[in-house]
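Shared between the two complexes below is chain A, which pairs with chain B and chain C, respectively.
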Partner chain A sequence: MKDKTMNIWQAGICVFIIIFANKILLLPSLLYSIANIEGMWTYLISFIFEIGLITLFIFVKRKYRDTSFAELIRKKLGVITLKIFYILLCLFFFCKLILIYNVTYIFFKDLIYQDSGSFLFIICLLPIINYLAYSSSRVLGRTAQLFFPIILIVLIFCTVTSLISVNDMPLFFQSSFSNVMLAFIKHISSFGDTIFLFVFMDKIEYKKGDGKKLYFFAGLAILFVLLIEIAFYFSYTYTSFMHPYAIFETMGNIKDYGGLGRIDAVAVILVIILTYFQMSIYLKSFTISFKEIFPKLSINYALIFFDFLFLIVVYLFIRNLERTVLYAESVLPYFSLISFVLVPITCIVFLILKRKREDK
Partner chain B sequence: MKKLKKYLSYAFRVPMFIVLLFIVIVYGLPALGKDAKVDEYAIVTAIGLDKGTGDEVDVSLLTFVPVAQQNFAEKYKVVKASGSSVLEAIDYAGLYLGREVGLNHVKTVVINEEYFNENASVEMDYLTRNKNLALSTSVICTDAKASDFLETVQKMDTESSIKVDDIIDFNNKFIYSTESTFESFYKGLYSKTKSSLVSFISLSEDIDEGVTVSASGEASGGSGDTATNSGEESQKTILNDGKSILCKEASKVALLDNTDMQKLNLAKGSFDSGTLVIDNFTDEVFHNARLTFDIQNINIKRKAQFVNGVPVVNMSIKLYVKLLEAKEEDLEIKENIDIKNISKEAINALENKVKSSIKDAIDILREYKCDILKVYTLLNNSHPNATKDFIKSLDDEQDFLNHVIFKVSPQIYSV
Partner chain C sequence: MTKINVERKIKSLKKEMHNSFDISDRVLHIGNATVGFIYLKSFTDNLIFSTAIYEPISCFKGEISFEEIKKLIQANDIKEIKDEEIIDNVIKGAVVIFISSSDKILSVDIQKFNTRAPSEPPTSPVIQGPREGFTEDIKTNIGLLRKRFFSSDLVLKNFSVGRKTKTTIVIAYLHGVADKKVVKEVEKKLKAIDIDGVVDSYYLMPYLISHPNSLFKQIGNTEKPDIVSAKLLEGRVAIMLDNTPMVLTVPFVILEEMQNTNDYYTNYIYASLLRFIRAIGVFLALLGPGTYIALQLFHYNVLPIKYLITIADSTQQIPFTPFIEILFISLLFQILYEVSLRLPSYLGLATSVVGALILGDTGVKAGLISPPAVIVVAIAKIALYTIPEQSAQITVLQFVFLLIGASVGLLGLLGGLIYIIAYLNNLENFGAPYLAPFSPFILSDNKDGFVRVDIKDMKTRPKSFKNSNIRRQK
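After this line comes the complex of A and B, so read on.
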């Protein structure tokens, strides 16, 4: 299947969606348990890196408009580097998929379907994300564009109602800078997801000035994530570590429902939609990376390989919150070197090489 | 037929349609043959915890078994069980009921005072770990056995449709402003000064006070049921007079009565309505009168500063009140009371009343070393370094309230 391109709006929406990955459920309570209320600084530090990645992408895209990231690596650094690079990317996206799946699965199992097994979730998730990954980037982008107004409306509703119900003041200045940095390092894997842009590089239409649109969507997502964090920490203050599902809990903190009943169910809609798209973007990135490692194999093989590996890993290794957190805190941070070290260094090398050639 | 075939062939080309069909066949059809989930559960609406014999805990569950019927009445029953832990006792209660115990609808947890005093946070551990039980569940302490309390609650509901969680909610919102939930308890416990408030409701034999119900086993109406069948007529009263337990490190340090609570809530500024009473008031209109003002709105701004290393908390209080009752012998209303509501003398008297009430509230907190007003948070957030130095300079950190100067400046407005 010919992979049609997505426009910058659709890419921006994908950035918007992916910035929420892992950040509005478990992360706030985990950060609080390490750095108290100062855990909020971890977000700011990490988002600076995230914006840095987007900036690098814009620079590289501007310089090498119609070239894919893989082609650049092949030309400048050789085929072996390309293979190693994309194996690491495959691993990164696979690990993130596993993390997202587990967090969401445990969230739904704990709060809604306590008697259900993993099979039901896999049946509901895998075919759809497989389909979106199999389709062209344009299909993924357009579907995300179609759902974006719903995501935005639900998100605004959740954020505003959460902020209105804030009625407490947390205790500041209780954690040292070292605690903030420890929280940042332990949970660095929850950030850096925007490297999917590099994998999609040749599949995104880019014109002069389009960078602003990417910044706009990234900024909007960051603003929402920070507002949700503020609502969460200012609602639960000293007991923030006891509430593992931030956005759901902030909605649950609203005391006067009136006739609306369980208003926190609205947050569940948001989590469902975001999970589908986040997983689809990761899987699409996985398949593109797989294709670069094995150029002669079709995308079907990438999907079959992924599904097989996914089922094994999900069934054998990670099935409860404790193990998921252990996995996220002790294994995944190493993979974040790919997004925060490897990709930026490679980009800087490309930019320097281009500059040198232009100077000549 | 041809058209149908054409549509089907088109539908089967869409992968999502096949997925949907698969889910319907695998999950939808077998679900039709299964019993409804509600048939597997006994719904619990309140839990009572008492100290049992030895190390055991007595758990009482205010339960109803959902049965399909044409009216809305639910047949409640208090089920009791003992175990070495709360979880074990609840499991035993499930054996008695022949159903799984569903805790999703629990709105109230009643804890016997004696049991609470031992170590509330340890005893409540299971209930806070249980994901089915919301942390917003109300927690009440009582001087009676929690099981007796629930039986009285059950009778009260049957006879008058008064529900204990409504009483607590009303208490919280409008009268004594004591938010008493797992959440508020733990928020206080994990704060710097480890202090929290828990609502206290008595169960009294004195039928002249409170909401009185019969616990004789003969319901006077409705379809209620009861577990107590003693045969002897006894009457018990739920006495919600606004008392609260002041806890420090999850243990009771004092039982505050409603006047203490009113003063504390005035200092907190966290209630929607309330009253202020001035006795022996005299001005142009009144002579030795008792005036009762309704508090319509309260707005408290607190600012912290350090003067020569000593923390000073300035409390600026705006109180919007309305005179609603005046008691005086031979009272004659000579003026339009809607236009001339409160005199300057009355405002001065109210300001003094507010000042003395807040002083009393602070004295209570100083005595028990409980920072319910979150003074530490205010000091620390505005002057972190000075607060650290100040706390370090104290012999007893927990006694810091005794070293803080409070300046109260009330402003009274008539509405």
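After this line comes the complex of A and C, so read on.
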């Protein structure tokens, strides 16, 4: 059965969610601990890469409109390359899912589920992300689209209330450029998320001029991330590394806002919604990649395989802040080579091949 | 030309119809010919039969022929039928006439059945606007629709469904507005129904929808001709069934439940506010009790301290857990609702007073239930009826969310909400996405979505489903 496609607006919303979602909790304090306030430049560097990936996607999509990325690799580079490529992609998405789960698990456990066990989180998350990954790309896109206004309203509210808490502008250039790059390389696994676009390539409807819409959503996500970083770094400045949950912490500074009391609870709703969608997009990408490795197996097998592996990994490892950070800094950066090196090079090769054929 | 033995023919027809007591027959000998009549006295207009059919024929002098009979009858609906159609015609309220000198058979439709006059339907009361409602008689219903369209573009197609009941179904649509494919699909689905009988339009629903096991309503239904007219103008197809005032409309999108007839007969700004309130009502009804439980059991630390103290004060003497407490009050409400629906109105009022005032008040005073819990359930149950057509679905989901809130808290509640939205995004009927025009987002259709703009600004028909002509006004 051919998977139903999502339109470019829905794809743009997925790009927004993916770029924004995992950068507002743990990452700002981790970057600060390496590069001080210059951690913000790390974001800018990563966003250049992110925009670069989107640009590459638009170019490849324009040239090979109805072809999937897997089909392109199969035709140009052969079946064995395809299998290796998609095994790596599967691993990449799986590792990202583990990271997201752990980061959000620690966040929820600390703030709203102090007395609950980890099984509760798995009960909540797994069925929903499985269902969204099992459904067509269209359903995933449409569901994200319906929640987008809620995300946007809550986000604007969070950003504005966060910016209110800013006191002084801290001193810039306290750290060197090498530290900025070190922070980027150490936490490279938190970036390069728009790689999912390539896996979804044939599942996105694309017309002439649609690229602008993707840039718009990516730009919007970048803007919000930067505003929240500014609010966070400018509020805590020298103690940023001690506060792991950026968006939540800055909002917590506004106590009893308009008599409503704990308005920071709104950020929790935002994080929950973003987590569900981010994990669903990654799991969908995982299942699509799995299908390319084992074309004869149905999507159910991909989900069963994932759930089984996920449960084992989650129970055996991590589930505390130190181990999660260690995992993100030592294991994941290797997998990020896929999004920062492998996929871009492959795309450039495809584009050169197409140019050569057109020249002939 | 073969001749008919009229007496024998009538006898055999009566036998075929199992000699039901309401079968009437008359035989006249005029000249050399014998004329026979057979009809159902319970289902025909006896006055018309006597004055327009029987009397003119019986007063005839001389040799009577089949053509002469046709001329003598003073009724409108006369047709020649075949032998195998006799019983069908008789049971539908026609008088069937034979003459011994001819093998031709005549059917005169004089069906009469007492039906109520069109009145305001209890399911859709209006403050302003038309109060007419459909009745159980399909001819009256067709008339109510016809008088709203003085145009030949209103197409009505009829056929029957049910092997035993042979109930008349009429499909209504506007030529040049409704999509032909949708009309054909409706016809195809209805003609494929093979059932012994249908007694209400709800019987047809499972045959028309693509997800029959779904909790959610996938077909529009109304008792009001003005609503059906508006839907036909948007390009929808209406399905009318004899013996029921409920008319079905397809394609259906969930937005239709947000819209109310009163919205169109009042100021559009006020109508938009009402729609917004309805949306809030749905969310309160769906998530209110579940969220209250989740906050109490899992996330009490996110509650502002003043609220937390108030809740703690009122719940500390309660012997039940918050979940049992809310579940108990919800079930009590549901029981009272069921009782008040089925009892006569004077008794229903008494049970409401006993249930709501006495049980609620004494429950709180006895320390069995807390006031915040009563307030939460009361708000949720009242909010349920901001969209009464979806109250059944929301009631089920309310209990589901209650269970989720008690088991896994806020994370589960939002997960459940995402699941339901994703599930609804999977639903499509007659090519219309269920959640359109919200997802997929269709800007022009949102002019009549959460907000309603002025009628003169609604230039196009809905794009959420297919229609033949998108433009309504220049």
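What we mean here is this: the second predicted complex is superposed on the first by the 354 of 360 C-alpha atoms of A that agree within 3 Å, B and C clash if a C-alpha of one lies under 4 Å from a C-alpha of the other, contacts with A are read in each partner's own complex, and residues count from 1 in each chain.
One rule holds for everything that comes next: a residue touches a chain if its C-beta (ideal position, glycine included) is under 8 Å from a C-beta of that chain, and two chains touch if they have at least 3 such contacts.
Model, not experiment: these values are computed from the prediction.
*Asks:* After superposition on the shared chain, which partner residues are touched by A:308: those of chain B (first), chain C (second), both, or neither?
*Replies:* After superposing on A, A:308 lies clear of both chain B and chain C.
*Asks:* State whether chain B or chain C is in contact with more residues of chain A in the superposed arrangement.
*Replies:* Counting residues of chain A touched by each partner, the higher count goes to C.
*Asks:* Quick one: classify A:110 as touching chain B (first), chain C (second), both or neither.
*Replies:* first
*Asks:* Mind working out whether A:334 is in touch with chain B, chain C, both or neither, as first, second, both or neither?
*Replies:* neither
*Asks:* So, A:125: does it touch chain B (first), chain C (second), both, or neither?
*Replies:* Once the two structures are laid over each other on A, A:125 reaches chain C alone.
*Asks:* Would you sort A:269 into first (chain B), second (chain C), both or neither based on which partner it touches?
*Replies:* second
*Asks:* So, does A:317 touch the first partner chain B, the second partner chain C, both, or neither?
*Replies:* A:317 contacts neither chain B nor chain C.
*Asks:* Kindly classify A:7 by the partners it touches after superposition: chain B alone (first), chain C alone (second), both, or neither?
*Replies:* A:7 sits against chain C, while chain B stays out of touch.
*Asks:* Check whether A:147 is in contact with chain B, with chain C, with both or with neither, and answer first, second, both or neither.
*Replies:* So A:147 only meets chain C here.
*Asks:* Counting contacts the way the document defines them, which residues of chain A are shared by the two interfaces, the one with chain B and the one with chain C?
*Replies:* After superposing on chain A, chain A residues 111, 120, 123-124, 127-128, 131 contact both chain B and chain C.
*Asks:* Show which residues of chain B lie in contact with chain A when the two form their complex.
*Replies:* Chain B reaches chain A through residues 15-16, 19, 22-23, 26-27, 128, 131, 134-136, 183, 186-187, 189-192, 374, 376-378, 380-381, 384.
*Asks:* If you look only at chain A, which of its residues touch chain B in the complex?
*Replies:* Interface residues on the chain A side: 110-111, 120, 123-124, 127-128, 131, 168-174, 236-239, 242-243, 252, 255.
*Asks:* Could you list, by residue number, the parts of chain C that touch chain A in their complex?
*Replies:* Contacts found on chain C: 298-299, 301-307, 407-412, 414-416, 418-419, 421-423, 425-426, 433, 435, 438-441.
*Asks:* Can you list the residues on chain A that touch chain C in the complex?
*Replies:* Touch list, chain A to chain C: 7, 9-10, 108, 111-116, 120-121, 123-125, 127-128, 131-132, 135, 138-140, 142-143, 145-147, 256, 260-262, 265, 268-269, 272-273, 276-277.
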